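The following blocks contain the structures, represented as structure tokens.
First subunit A sits with subunit B, and in the next complex the same chain sits with subunit C.
Right after this comes the complex of A and B.
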């Protein structure tokens, strides 16, 4: 559609069939002209997967990233780690505005102090002082200490296709306790941040490590690549060094004969950031009394209710939403201020994408909500809330006669029968006659 | 018990005399009323004991059952005093038939409320 406008893309024309991202395929790449590294492996990979790249220098005036409060692109890549002054429309404020307009951002940082490194602090990333790259002397290799391979955790769902270690060079950052942060790549345990690579300050670093001293930037708790998923679903990824994406690292071997994981890693990071992977949504929720099918506008206390949610996941291969049954730990809450019921919402076997549970409504009337609030690192936050009133039984909804009250029923009935018998006998004669006889006698 | 029976034969004779006098002097009709009163009292005691010892739930059933016995007891007792020949002077204008009609009317109203309240 808009492909002819972009001469860059002519080469990858044939590969473009669909947008693979759930939010769109247009990407703005803000690329620093002084960046001597070449990113053709990364950008060609993006094009091959259906993205439509537009390039721009940090100080160029067009194309604008936001026009009339509408973002011009679905995703923005900021590979301008050393630029201190951007064009007017690229500012920390406009980047945050982009995020709130559901545009995804991929931002590279460097050891220099720039507007972007100040913005990182707003996302709970604590950056080291300027000029302190992260280095590691392990494993033994022929590259400088500032260029080292990082093992990728196999259990990280974001990096599912990255198999080999990833070359890294750049800065590390420590993570604040913001729950929206998604660690993607952690620093190796042997790495640390330092302002010199000749190890002249090694004793003081060791001292600081033993004292657990302030200002020590070391170990596996530091992050190298960290994502952040805003509450509206937009994603932003901070990368400590732009060279992770470079052709040089993609082609550099970690072990002889085995390519590094950088090419796959950079595509994985872009796929997560651009909302291709781990994107979920709740299509529909329904509720009804067990053994019925139509939802009621209100429920009675102690009703047994079935709640069903249909959840889809974005399939980037088919570029469509498909039913997704892979969530095992999703929970349903039935709340009135507090959750009165919190129960597992397991997937239904044989019915993809359906999650269902049956529970008893508490013996408490009021305005309740069925709440799904599923937030997991890396996954789209799933939130759903359905309000239903819960009423007490109607006046004829209670059991009328209780077994515990039979003595009282017998007492009342026997009194009535006694009264009838008494009246009958009183009127019937015998006693009356006898009494009359007696009274006449006594008189 | 043992003490009272062994130490005070006078008391025993008092009770015996009372019982004898009641048997001899009370008209049969009043004895019949007394039997009904005794039955009502017994029924009330049983229901109250059940309420205290076992359960007062449902409370409306207890109130209905217990008040039916109490109400019937009161009505029957007033019938007894009105038809007692010894009280003739006090109830000059109330004939025994009139007293019985009042009693039946009052009882029917009582039972109407009791059965409405019971369930």
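Right after this comes the complex of A and C.
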């Protein structure tokens, strides 16, 4: 009886141990039936990391991606690069609505004009005209010019586990200057987009460039895979060619005996898109006067105040939030309309996840805010604002004895002493004798 | 990059024929003819010193793409001139027109810079020639470094600055209040105390006698009066108004009785002395 249960138990343990996204593990895959590629390496990798995949054709009616304004899945993969008409519930508008409901999207494009390629323009991606794939003659190799390996930048934190070059085939896009864009994979320097497939097409390339404007999609500033992080934290990734995720490219060797980086790359891209990696949050912020521990409801001008923030990062391996001390350039602002103080908020040594700074409150009274507004490409935006009034000192909050006022203090105190002395002498003195003395003097 | 380098070496060489450039030259013509320069371009070494263009100068590059073995002119698929600023990472790609005999000519007139020239700063642009072909091995030649007049910086998104560390702001505090030297304060305090000398001197002359100083009817009243003065001093240092009124009210009760007793005893004594 127990034996058949064991594998099931192990499996459920494995599911707990495996990576999961910080926002949920249900994934809808909208897969074009006419795609002649298999993505089993990619999808099996997702399942092994704990995702629950549901498949659907672009024109199928169920399962709906959004129902009664509630998204049905945590993440949506749209591998339908050539589909021109989708079922009614998949439209550019509904995809934008999904994003605003914090659903993450992974969208593949192709050289065909589809509703998705017009949506890409709304995310500051400028796509080349239809039918112009990106090609590269470098390096010299035995594959067609439209299939080329791309070096992965080692400094990109999104692609931390991708070590080998990635095979790519598809389109490139130029990036607008929107800071919410997160370039994941840049085009090689030598690559360019063209619709000519042999050397006799050379003049048309020069012609295209001379037309001006966005005439030529060429060079290392073009993007191949580009992410976009909405201000609410939802992530959307645009991929110029669905074959990056294919089994064929995952198993294709770049150098003899060494597999390509596609398998690791596609998992890295999915991990970032599905908010597994580079996800942060502020757990708690506190403030108090230096050398005290309890927060005050208001501060006095010129108080020295300590501000502390506790920041956690999502650990997909343990599927939990862990204190994170890796942010080096976080800043704290003390703001009344404009920031009056902006100072670094460095991590505290020996106390993971704690960032703290001490500063002197400005000598301006009013309603101030402690503001953290930390935005960096690829990282979750961290925002926190705590309102605290700053008041001038109370009437008894000033120093009591100023050296400039010594004569006044001395005058007041000597008057008091004089009063007591006179009272004592008058009460304790002998009236008659004094009278006698006086009269004797006058005599 | 190392992996790709190894890849180039290891990949089976499908494109047998290799391309090269014949008689590559650059010429700088200047309106005031001061910086004019014309030199052949070396394929292995960058021109030294780096080229530099004034705002009205013109750079002209000419070369012929040929097959290395046969020497025939070739029109490759891709003939790009790449301008790259390594500091700002700005890049510009200029496709060159190559005729069927492989001859190419490019003119860069700084009075009318082409759209492909990236936004420039005072850092040099690295100029690279990229030649790619379906039939031949690709060729990439670093031609020279080029100094051009700085252009306007590229337009930035208004929110771009908030994605980088912002400049630190320190509040400028009002300067501390200036106090006069303490010696002056001390001197004026001494001046305030001076009447005591007169008072004590006169008292010493008349030497009033206080026979009833420690009389039990007088001492309590003097003590409560002193307590009132101490209370007011205490108020100055730390007490709040409510506390002072409370303590003062409590203190007033014994003071009234002690005062009455003291005045009555003085009155009785005076009656006795009459």
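Definition applied: the second predicted complex is superposed on the first by the 368 of 443 C-alpha atoms of A that agree within 3 Å, B and C clash if a C-alpha of one lies under 4 Å from a C-alpha of the other, contacts with A are read in each partner's own complex, and residues count from 1 in each chain.
Assume contacts are C-beta pairs under 8 Å (C-beta built on N, C-alpha and C of every residue); 3 or more make two chains touch, one makes a residue touch a chain.
Treat the numbers as computed from the prediction; the structure is a model and nothing was measured.
Contact with both subunit B and subunit C is seen for A:411 once the two complexes are overlaid on the shared chain. In the superposition on chain A, contact is made by A:419 with both subunit B and subunit C.
Residue contacts after overlaying the shared chain place A:304 against neither subunit B nor subunit C. Which of subunit B and subunit C touches more residues of subunit A: that partner is C. Of the two partner chains placed by the overlay, only subunit C lies in contact with A:221; subunit B stays clear of it.
Of the two partner chains placed by superposition, only subunit C is touched by A:256; subunit B is not.
Applying the stated contact rule after C-alpha superposition, one finds that A:190 touches subunit C and leaves subunit B untouched. Legend: residue contacts after superposition of the two complexes on their common chain; A:203 is shown touching subunit C, with no touch to subunit B.
Of the two partner chains placed by the overlay, neither subunit B nor subunit C lies in contact with A:60. Touched by subunit B in one complex and by subunit C in the other are residues 400, 402, 404-405, 407, 409-411, 414, 416, 418-419, 423, 425, 427, 431-432, 434 of subunit A.
Taken in their complex, subunit A has these residues touching subunit C: 136-142, 145, 149, 151, 164-165, 177-179, 189-190, 192, 196-203, 205-206, 208-209, 212-213, 216, 218-221, 254-256, 302, 329, 331, 333, 339-344, 360, 362-363, 373, 375-377, 396, 400, 402-407, 409-411, 413-414, 416-420, 423-425, 427-434, 437.
Residues 27-30, 32, 36, 39-40, 43-44, 46-47, 50, 54-55, 57-58, 61-62, 64-66, 68-69, 72, 76, 85, 100, 104, 107, 111, 114-115, 118-119 of subunit B are the ones touching subunit A in the complex.
Across the interface of their complex, subunit B is touched by residues 400-402, 404-405, 407-412, 414-416, 418-419, 422-423, 425-427, 431-432, 434-435, 438-439, 442 of subunit A.
Contacts from subunit C toward subunit A in the complex involve residues 1, 3-4, 6-8, 10-15, 75-80, 82, 84, 89, 91-98, 115-116, 130, 132-135, 137-138, 140, 154-157, 159-160, 162-163, 165-171, 173-174, 179-180, 182, 185-186, 188-189, 191-193, 196, 199, 206, 208-215, 218, 221-222, 225-226, 229, 232-233, 236-238, 240, 262, 266, 270, 273.
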